[in-house]
Each structure stands twice: as structure tokens, then as C-alpha cells.
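Each of the two complexes below includes chain A, the first together with chain B, the second together with chain C.
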Partner chain A sequence: MLSFAVGRGLGLLVVLFVVSLVTFSLTYFVPGDVALVIAGPGSSAKSISAIRAKLHLDRPFHVRYAQWLGSLFSGDLGESAITKEPVGQMVGFRFLNTLELTGAGLGLAVILGMPMGVLAAIKRNSLLDYGTMVLSVFGISMPIFWIGLMLIYFFAVRLRVLPVTGQGGLRHLVLPAVTIGVNSVAIIARMTRSSMLEVLGSDYIRTAKAKGCSERQVIWLHALRNAMIPIITTIGMQLGYLMGGAVLTETVFAWSGIGRLFADSVFRRDFPVLQILVLLLAAVFALANFLVDLSYSLFDPRVRYD
Partner chain B sequence: MKVEKKIGLLVAAFSVVVLLGTMCCAEETPQYGGTLRFVIGSPITTLAPGKSTASIADTINKGLIEQLVTRDMQGTFVPLLATSWSISDDGLVWTFQLRKGVKFHDGHELTAEDVKATFDRMLNPDFQLPLASVLQVISSVKIVDVYTVQLLTAAPVADMLPRLCWCHAGILSKDAVAQWGADLDWHPVGTGPYKFDGHVPEESVTLVRFDDYWGGRPYLDKVVFLTVREDATRVAMLLAGEADVIVDMPAADVQRLQATSGIHVALAPSTRVAHIGFNCLKPPFDNVLVREACNYAIDRDALVAGVLKGVGAVSDSFVSPIVWGYYGVDEYSYQPDKARQLLAAAGYPNGFHATLATPQGRYFMDKETAVAVQDMLGAVGIQLDVKVVDWATYLSMLTTPRDKNEIELYLLGWESGTGDIGYLLDLLIDSAVWPPSGWNTMFYKNATVDALIAASRRLLNPVERYAVVSQIQELVVHDAPWIFLFVFQSPSASTTKVHGLQFLPTEAYSIDTVWLAK
Partner chain C sequence: MQKRKWKRFARNRGAVVGLGILVLFLLFAALAPVIAPQNPNKTHLRASLAPPSRDALLGRDQLGRDVLSRIIYGARTSFLIGASATAAAALVGVLLGLVAGYHSGVRGGIIMRIVDIMLAFPEFLVALVVVGILGPGFYNVLISIAIVFVPRFVRITRASALSVRENDYIQAAVAIGAGNGRMMFAHVLPNCLAPAIVQGTLLIGDAILISAGLGFLGLGAQPPLAEWGAMLSDGRGYIATAPHIATFPGLAIMFMVIGFNLVGDSLRDTLDVRLT
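So, the complex of A and B:
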């Protein structure tokens, strides 16, 4: 088990190194000059060169990369090229905000989606089943942007029961979490349903029923536990998807998170911030995958790590 | 009726009238207190004069930092931190008498030293402030006595006062300048009615009331500028009561808000002119007949009515009518037949193919305008591809030097920051400022125009100067380095509680005159 964890840890480091190198190289291939963006229209040519020199953009690739790696290892995450703020400060609270948003969204998705899927599987081909599946198609197809704006329009503008923007408190979290979670509810519901259907047709379920287990025991103790592996994998993947898709929800609700920071950094060519964000997201993805893999042993005792 | 009753009735009637009168007038008496929530669409990256950021930062700076001179709503120069001024006979020395008893946010009184520190900072070659060129007409600043300061120039500067009204020409505290120098980004210590109270980077900027303001107690207790990027969300915030003022709404939202009760929409003319620039070095746009043809092919009235939904005005020069020096050249009415004739005369009877680059979301209805232009030019045989480019790439593409520059047509909107035509003549029209030296991204050159610009710089007599700049506009409009499109109007929407909000000729909203009704 330990060797498994250590192996995965080393793998993560390799992934992060390669990711950082690739992102750094993008600065050479992507058009658009950050010095020009900072100086702005109407600026003098000399001031643009001065900014370029200050940001060390005139130095060769390997020198800049080595410098960046060096400062990273000594704990200095760098400064934003645009706002001059320390990157750690910029990213820190925004990461927590996005985590709050995606956590709430995913939590909502699991709480709603799994029972929906289970019920649909149990009551297969009933009205409930068809209704759930139609709803899930809706959830997968509707653009996040549209859902967010519609929710704002109905609940914040028309009914005035919830705020449009702002953070800190459950009231502010409801609409954004629902917006970001709708898509995941649908996907988790469908995956739960199909996984459950597969399991419900197994021999051991028939045996359990023959043994005299109650309906509830059969479903929640036997069937669901065996169905969990594909479901938990989907949930893990959803976490990655949500972190990436948060940019749309964050833009609509003016939620200060890393999704929006990511989009802004790309548009403004703020590479110091972009580097750290890419590393962060890569690490989050890797960690999520790792936790999902570990959880397999919880659901299936036959799984071993050696 | 008995006399007593008549008198009684008269008194009663009079009282009612007086009461009604005071009730109506009470609406107009400014009230003190409250927090104004001003929601904007772009993040503010700096408040340091001389550095570039979203143009709404001018509004924030208006509350914080004051200039020597400013303009009123009619465009006349009025004293602000300077009570009077005079020019020497040779036109090279401008002397300003400073207002006495003006306090900075850091407590000390305004003297000539602060003025000198401010301009020295702007002109400091070590700082290389990106926008400093506007004030580089000043060669040095001399302190005469505590309240008298002189600005010396190497040659007569015709538009000195407009340059001093410019939003980046506000007077800073000498101590702040000494401490922060170029990087005054979040230490804008000025003399304005509001002082800087902190910011959340990229999210909000907060100003609070400055009790020692020389002009009397400011109306508001606090002003918060919130950045919300999504247009629809800003509109929702206004409708839900989470915002007091919003700006930069798309055309459709302007109409919708105009129809909503409880919301007041204001459209103010701006100095910004939307245009399609030609790369005058690239065939077929090196031929003036082709450029003129493009101008005749555009139905500007339809553009303003259809795409902008009326939020804009047709342009007939490269500056807007509210800019000093504006001279409308009545030339390019909608004549598609004439456009085709000119194209044929130029050697393109069957039109040609070209690419129009445009940003999206940078200017009011920018991409929609580009698509409309594509349609109108298509009707006379010019097939355009509209290419949407992100802003950072766009700037690089436009300012690439001539041999590598691939732009053929581009959409842009230039404002005249000083409210005077001299700003754009220097920045844009002069052939000395082709990229990479400057922003004449049309690569336009007309030797006569260059000579006239040089002459106009020194003409202190406004009548003489106007004659010259009118000539320049005649020539430039006929040379057509642009397809002249329209003059932007700045839309703002506020709740009916907000009073006194105006959009000034210096492209800033007057938060110093805003008050909130309870």
C-alpha cells in the first residue's frame, strides 16, 4: 500500500514537471505581448520595452525557466505580470472559493443524483424512470451560462428571495451551486442507474433475495455497494470537470474563483499566474484520481495495491 | 362669500402651494450619507496616473485626485486647484496661482512643491510611465513661491489647458510621490472629496468620504466600485437592488432598461469614435479611391439605428463633436452606386477579398458592427472575412511594424483623452508615429497634414488654431485612412435614488456630484 502511494507520488511530480515545461513553452508560441497589454493603447514604445525588460521577457527560454523553477523551490510563487500582486495571494483565497463552489455543486449532485439513479433502476421502465431520464437529458444539454442567468432572473430579480452576487453564507451559495451542479446531477444519475441495472441482474442479488434479505438491504447493502466503482470514478472525473467548468459559473455570479482567474490570465497573457494555476489544477486532478483509486478498496475488498 | 372666509381660503390655498412647493424642491436638495455601489465591467489594475487600465478608472480617479484646471459640462475651463493662470508673452511659461487651504488625504496642505513633484514624476525618464507623452510638452516645473508654480515649455503649446485637464494630470501628494514613485498604483493620495480605502484585487475598489475636503462635505459616505464582468449579471444586480449604478450595457439592455420603471438610463456623448482603420500600405487600400468607396458604401444611419439601437451618433470626422477642434466634414453619405464607380475607377470592377479584424466585447457592439460593415461592403462587391481576435493578440497585430504587419482592416475606437483634437493629432494622425514608434496603425502619411499639425501645436490663438485643425480634418476625411463610423455614447443606468450623476467631457462620471436619496 505504501509503495503504491509513493509510486503515485513520484508519478505526480513527473506530471507536474512536464506540465510546467509545456506551459512555459507556450509563452513562445502564443501570439500577443503581455508588455503591450500592460502598457495599453496610447503608450510610448520606450515604456513598452521598459516593461518587457522588467519582466525579463528578453532573456532566453532556459534561463527564465531555470529561474522560475528555482524561485518555486524556494517558496516564491512569483508576481502577477499585470497586477504585481504575489501569485500565492491571488490564487490562495480564490482556490478556496472555487473549492467551496465545486464542493457544494458536487455534493448537491451526489445527494440528488445517486438516489435518482437508484430509484430509476429499481422502478425500471416506470414513469419515474422515464421522468428521471428526461430530466437528466435536460441537465446535460442546458448550457451552464443559461441556467445561471435564468436562475438569477427568477430567484434574484423577479422573486428577490436570493442574492445575485456575493459570497459568504449559504444564501449566496445556493444559485451558483445549483448552476454548476445541474450537469453533474444528470451524469451521476445516469451512471448510477446503468451501474445499478447491471448489478441488479447478477446472481448474488438473486441469492440475497432468496436468502430472505429485505428489499432495502438488497438495494443499499448489496447492490449499491457493488455498483459503486463506476459511480465513484464518475464522481472523481466530475470533480475535475467542475473545477474547469467553474469559469462560466464564476463569471455569471461574479464569484472570485480560480476558474475566472484562469480565463483572465489567458486573455491578458499573465504567464506567472497561469503557470501556478496550471500546476495547481494538475495536482488537484492527480489527487482526485488518487483518492478515487484508493476508495476502490473500500467498496471492493478484493482490490489490493501492490 | 364673507370676507373672513375669503381670506381664510386664500391663506389655506397659499399654504398648500407653499407646502407643495417645498415638497417638490425637497427632491432637489442634495442629501448627505449613504454608500454608492457602482458596478463596472472591467477589473481595475492600477490607480497610478500615467499607467493604463480600464477607462472607468478615470471615474474613480475623479473622486480621488484633482487637476489644476478642469472643464465644466459646457467644455469651458474652470479653476480647480489653480485659481488663476497666465501665459507669458512668448508663450513658453505658464504661471498658476494655487488655491490656498487645500488639504491632501495625508493631511498636509497643497503647495507648489506638490505640483512640481507630480509633474516631475510623470516626466521622469527612469519611470517610463506608458502614457507620459501627453505631458512631455512640459520641459520643466519651477516653484516661484509657496502658492505659485510655473510650467515651462520648449515651444508654445496650444492645448496646454486640455492636457492639464486630462485625467492623468491630477496633482498628487509630494510625500506619496517620494515614497512610491512610479508604483503609486494603490496609493493615489490626492485632494479629492473621497479618499482611497482599499481594494480587493480585480474585484472591488472602495473610497470613503474625506472630511477635510476643501470644497465642503462630500455627499456620500462611501463609494464602492465592484467589478462584474458579465453584462447580464450587472443588469440583474441593478434590477434586484444590489447595484445603484451600472455602465456599459449592450444595446438591447439599454432599450430594456429604458422601459423599466424605477430605472433611469442616461446616454452621454463621448469623445470616442468608432472606425474601421485601413492599412494604407497594403493594396488595394493604398489607393484612396478604394478607401473612399468603402466610406460611401456604409449606411451609417442604418448602423446606428439597427446595430446600436440608437445608442450612438453618425461620425463625420475623426474626433467627436464634444472635442475642441471638431469640424464635421459632410462628405460620405450613403451612396453605394458611387462606391461601385470608384471601385471600378480604381481597377476593381468586381470588387476584391479582404479580412476585417475585430475585438469582441471590448467596445459597445464591436463585433456586431464589424458584421454589419461586412454586409454593407459585400453589397458593393467587397468580400470581407470577419476575424474576431482576442485583445492581447489584437494589440500586437496592430502595432507590428510595416514589413511584418498583416492587418488589412481593423475595428477600433479612439478617444481624445484631453478633450482636444491635439491629443489624436499627436497620437494617431502624424506620420511620425507609425508603429513601432506610436499608434498610427493606419500607416497614414500626408506631408501637408504633418506640416499643419506641426503648425497647430504652436498656435495659442484659438481662432487661428481652429482654422488650421479644420483644414486638417478636411484633408484627413478626404484621404480616408478610416471608414468613419459613429461616435459612441456612454450608457449608464441607475436607480431613481441616485441623483447628480453626469458623464463629463473628460470621459469620467462625476461621482463628486452624486448624492443618494433615502
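So, the complex of A and C:
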């Protein structure tokens, strides 16, 4: 177990290193001269080359990469190419806001999606099963920014029960969380259903029923626990998916998070900010995958890591 | 597809509904100039934001353009981007996957490490960065989605190539002296295609969602080209006064994606493919 964790941890570092190299090269080879952008139109060649020297844009690739990496480790995340704000300051609170949003969305998806999938599986081919599956096809096919706009229209404009945009408190969280979570509810419900169906047909379930376990015990203890591994994998994958969804959800609801910062940085070609965001997201996904891998042994003691 | 499989496919209600939806949208896209009741780009500033009526069945947008006509023309944009991006990714991805599966040594290892890293990132964010670098527009959206989908095809084709390689008929082909090229393209490739076809069908739906998302952010096909995501973005500002502008393009996206998902799901069941 420990050697597995250490091995995977080292693997994580390698992935992060490669990602840092790729993100750095992106900004190195990207068309368009940063110095020109900063200097603004109509500035003299001299001031442009001064900016170039100040930002070390005249140095070779490996030197600039090493400098960049070195300053990251010393805690200096650089400053925005546009607003000159320190990147650490820009990202910090927004990251927490995005965690709040995606966490709520994922929580909703698990709380709704898993029971839906289990019920559909045990009542296979019933109206409930068909209903759940039809709903889930709609769920995975709806563009999430459209879900957001429709929710705003019904609950904020027509019924006036929830605020349109902004942050603060549970009332502001409801619509964005539902918006970002709907796709994942559907995906988790589908995965839970198919994984449960596979397990419910197995011999040990018949044995459990034969030895007199109650229906409820068989389903929620024996079957669900054994069906968990693909479900956990799916839930882990949703985390990355939700980060993508955060860009659109935060745009619709004017939610101040890293998703919107990501899109804004792309628009403004603010590469110092974009680099840090990509690295941060890579670290989050790598960590999530790692935790998912570790959790397998929790649900299936047969999984060993040596 | 054999007759038996076709029958199984056609008996599936989801498949028939999905295929029906896709045929309908395909007709929209192909015959847009004939079907569309009005010129999609003609502005009518006096009728700006007009709700659905006899004059414009789904209402008019902020410039007074006919929403229905723009949705019909927008089907072209979505179909073209979704299908061609997926096809391009399939072409590159299946070839790389075949190589990675057939030569599972160093070459395969390098391909798979790159694929793993690419798959570690959410597709929408990668597409967003690529479009951010290339700049907005129809072709750049197409390229970015194609890039994002390549690893999916690599992984699934490699998996099937690895298992196909173990079959007796491959041994037989080796025995009669088939070369590497002949082995890969004449013997392994045809037996790896089913999963790639299923994956491709499902991915077209994803491609449409991604391109609509990029369009919504203002990075998609640029005006005056009708694009569903951009139409929704226009409607966002008028959600309180003219909700029809955002409602109908969203429904169009949803139904087109449902079509691809239903057909893809039924193909998966019919061809008995497992997607990982």
C-alpha cells in the first residue's frame, strides 16, 4: 500500500513536470509578441525591446523555463500580463469559489444519480427504469449553459424565488450547482444502473438471498458495494468534467471562479495567468485520480497494491 | 452490417427515434435555403425581440432576424463541425491506436503516455486553450475539437488491436508470410473498427456540445454565420424580456445531441461493444 502510494506520487510529479513543460512551451511558441501587446500600438522599437529585456523574453527557451520553474517554487507565481495583479492573489479566492460550486454540483450528482441508478436497476424494464433512462439521455444531451439560462428564466425571472446571479449564501448556490450538476447526475445514474445490473446477476447475490438476507440488505450492502468500483471511477472523472463545466456555468451566473478567469485569460491572451491555471488544474486532476485509485481498496478488499 | 444486426438495431425504439431526429436535422442542414422561411441574416430592427407569431414562428432576435431560419441554417454549422472534427480525429486516432496496439513496445509506449496526459485534462478546457491560441472561428473550433478527440480513438483502437492480435487468424496470417503493413491494415484494422464507430457516433454529440459552448463564449464560428451557441449567447442578455431567443437554439442543440446519443447507444448494444 505504502509503496504503491509512493510510486503513484512519483508518477504524479512526472505528469506535473511534463504539463509544466507543455504549458510553458505553449506560451513560448504562441503566435503574437507579448512585448508588443504590453507596449501597446504605436510604441517605439526601443521601448518594445526594453520590455522584452525586462521580461527576459530575449533569453533562450531552457533558461526561461528554469527561471519560471524556480520562481514558482519560491512562491512567486508571477503577475498578470494585462492587469499586473499578482497571479496568486487572482487565483486564490476564485479557486475556493470554484471548489464550492463544483463540490456542490458533484454532491448533488452523487446524491441524486446513485439512488436513481440503483432503483432503475432493481426495477429493470419497469416504467421507473425507462423513465430514469429517458431522463438521463436528456441529462447528458443538454448544453449546460442552456440549462443555466432556463433555470434563471423559470426560478429567477418568472417565479422570483431565487437570485439571478452573484454569490453569497445557499440561495445563490442552488441554481449554479444544479446547472453544473445535471450532466453528472445523468452520467452517474447510467453508470450505477449498468454496474448494478451486472452485479445483481452474479452468484453471490443469489446466495445472499438464499441465506435469507432482506431485499434491502442484499441491494444496498452486497450489490452496491460490489458495484462501486466503476461508479467511483465515473465520479472521479466527473471532477475534471465539472471543471470544464465551471467555465460555462460561471459565465452564465457571473460567478467569480477560476473557470471564468480561465476563459477571460484565453480571451485576453494573459498567458502568465493561464499557465498557473493549467498547472493548478493538472494538480487537482492528478490528485483526484490518485484518491480514486486509493479508494478502490476501500470498496473491494481484493484490490491490493503490491 | 449484416441483416440480423440491422434487424436488432431497427427493433430498438431508441435507435429509431434517434435516427429519425438525425435524418430530420440532416434535411434541415442540406435543404436550408429551401426550407428556411426567411433569410437568416436579414435584419428587421423594427421587429426586434418580437415573440413567436405568424410572422416569425419562433420569434425574432435583437436584430429582428428570424430565429427559426437561423436555427435551420445553424444545423449546417453544427453538423459540419461535429462530423468533420470527429472524422478527422478518428482518422488520426485509429491509425495511431493501431500502431500502438500492434507494436506494443517502445513506439506504443510513447504514444500511450502522450494519450494518458491528454486524457487527464477535461476536453472542453483543452479545446478552449487551443482555440484561444489559434483564435476564434469555424475552422479553428473544428481543429481544436479534432485534437481533443484523437486520444479517445487511440485508446479504444489500441485496446481492440491488442486483443485482436491474439486471435488464431493472425497467427495464420503470420504463417503465410503477411508483412507488417498487410497485417495491420488487412487483418487487424477491420476487426478493430466496431468500437471506433460506436465511439465516433457518441463523440459527434460531444463535439456539438463543445462547439456550442465555445460559440457561447464568443469563440465559435463568427457572425454572420448562424451558430447555435452564439445565438444562445445573444439570448442571454434578453432572458427576462425575450426568453424565446435563448430557448429554441438550446432545444435544437439538445435534440441533435440526443439523436447522436440514442443512435450511438443502440449501435453499442447491437455491435456488442464495450467502451472503457
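Throughout what follows, the second predicted complex is superposed on the first by the 276 of 306 C-alpha atoms of A that agree within 3 Å, B and C clash if a C-alpha of one lies under 4 Å from a C-alpha of the other, contacts with A are read in each partner's own complex, and residues count from 1 in each chain.
One rule holds for everything that comes next: a residue touches a chain if its C-beta (ideal position, glycine included) is under 8 Å from a C-beta of that chain, and two chains touch if they have at least 3 such contacts.
Bear in mind the structure is a predicted one, so any value in this text is a computation, not a measurement.
Visitor: Quick check on the superposed pair: does A:V37 touch chain B, chain C, both, or neither? Answer first, second, both or neither.
Guide: It touches chain B, and chain C stays clear.
Visitor: Applying the document's definition of touch, where does A:M243 land relative to chain B and chain C: first, second, both, or neither?
Guide: Second partner only, chain C.
Visitor: Taking the superposition on A as described, I'd like to know which of chain B and chain C A:L149 touches: first, second, both or neither.
Guide: After superposing on A, A:L149 lies in contact with both chain B and chain C.
Visitor: Return first, second, both or neither, reflecting whether A:F267 touches chain B, chain C, both chains, or no partner chain.
Guide: both
Visitor: Determine, under the contact definition given at the top, whether A:L291 touches first (chain B), second (chain C), both, or neither.
Guide: Neither chain B nor chain C is touched by A:L291.
Visitor: On the A-aligned overlay, A:F138 touches which partner chain: chain B = first, chain C = second, or both, or neither?
Guide: Only chain C is touched by A:F138; chain B is not.
Visitor: Pick one for A:V63: touches chain B only (first), chain C only (second), both, or neither.
Guide: Touch status of A:V63: no partner.
Visitor: Quick check on the superposed pair: does A:L13 touch chain B, chain C, both, or neither? Answer first, second, both or neither.
Guide: In the superposed model, A:L13 contacts neither chain B nor chain C.
Visitor: I'd like to know which partner A:F253 touches here: chain B for first, chain C for second, both or neither.
Guide: So A:F253 only meets chain B here.
Visitor: Taking the contacts chain A makes with chain B in one complex and with chain C in the other, which residues are shared?
Guide: 31, 149, 152-153, 157, 251-252, 267, 269
Visitor: Under the definition above, what is the set of chain B residues touching chain A in their complex?
Guide: 43, 45-46, 51-53, 128-133, 183, 185, 200-203, 226-230, 232-233, 236-237, 239-242, 390-393, 395-397, 399, 414, 417, 427, 436-439
Visitor: Can you name the residues of chain A that touch chain B in the complex?
Guide: These residues of chain A touch chain B: 31-34, 36-48, 50-51, 82-85, 90, 149, 152-153, 156-157, 160, 163-166, 251-254, 256, 260-261, 264, 267-269.
Visitor: Enumerate the contact residues on chain A facing chain C in the complex.
Guide: 15, 18-19, 22, 26, 30-31, 137-138, 140-146, 149-150, 152-153, 157, 240-241, 243-245, 247-248, 251-252, 262-263, 266-267, 269, 274, 278, 281-282, 285-286, 289
Visitor: Hey, which residues of chain C end up touching chain A in the complex?
Guide: 14, 117, 120-125, 128-129, 131-133, 205, 209, 212-213, 216-219, 229, 232, 235-236, 239-240, 243, 246-247, 249-250, 253-255, 257-258, 261-262, 265
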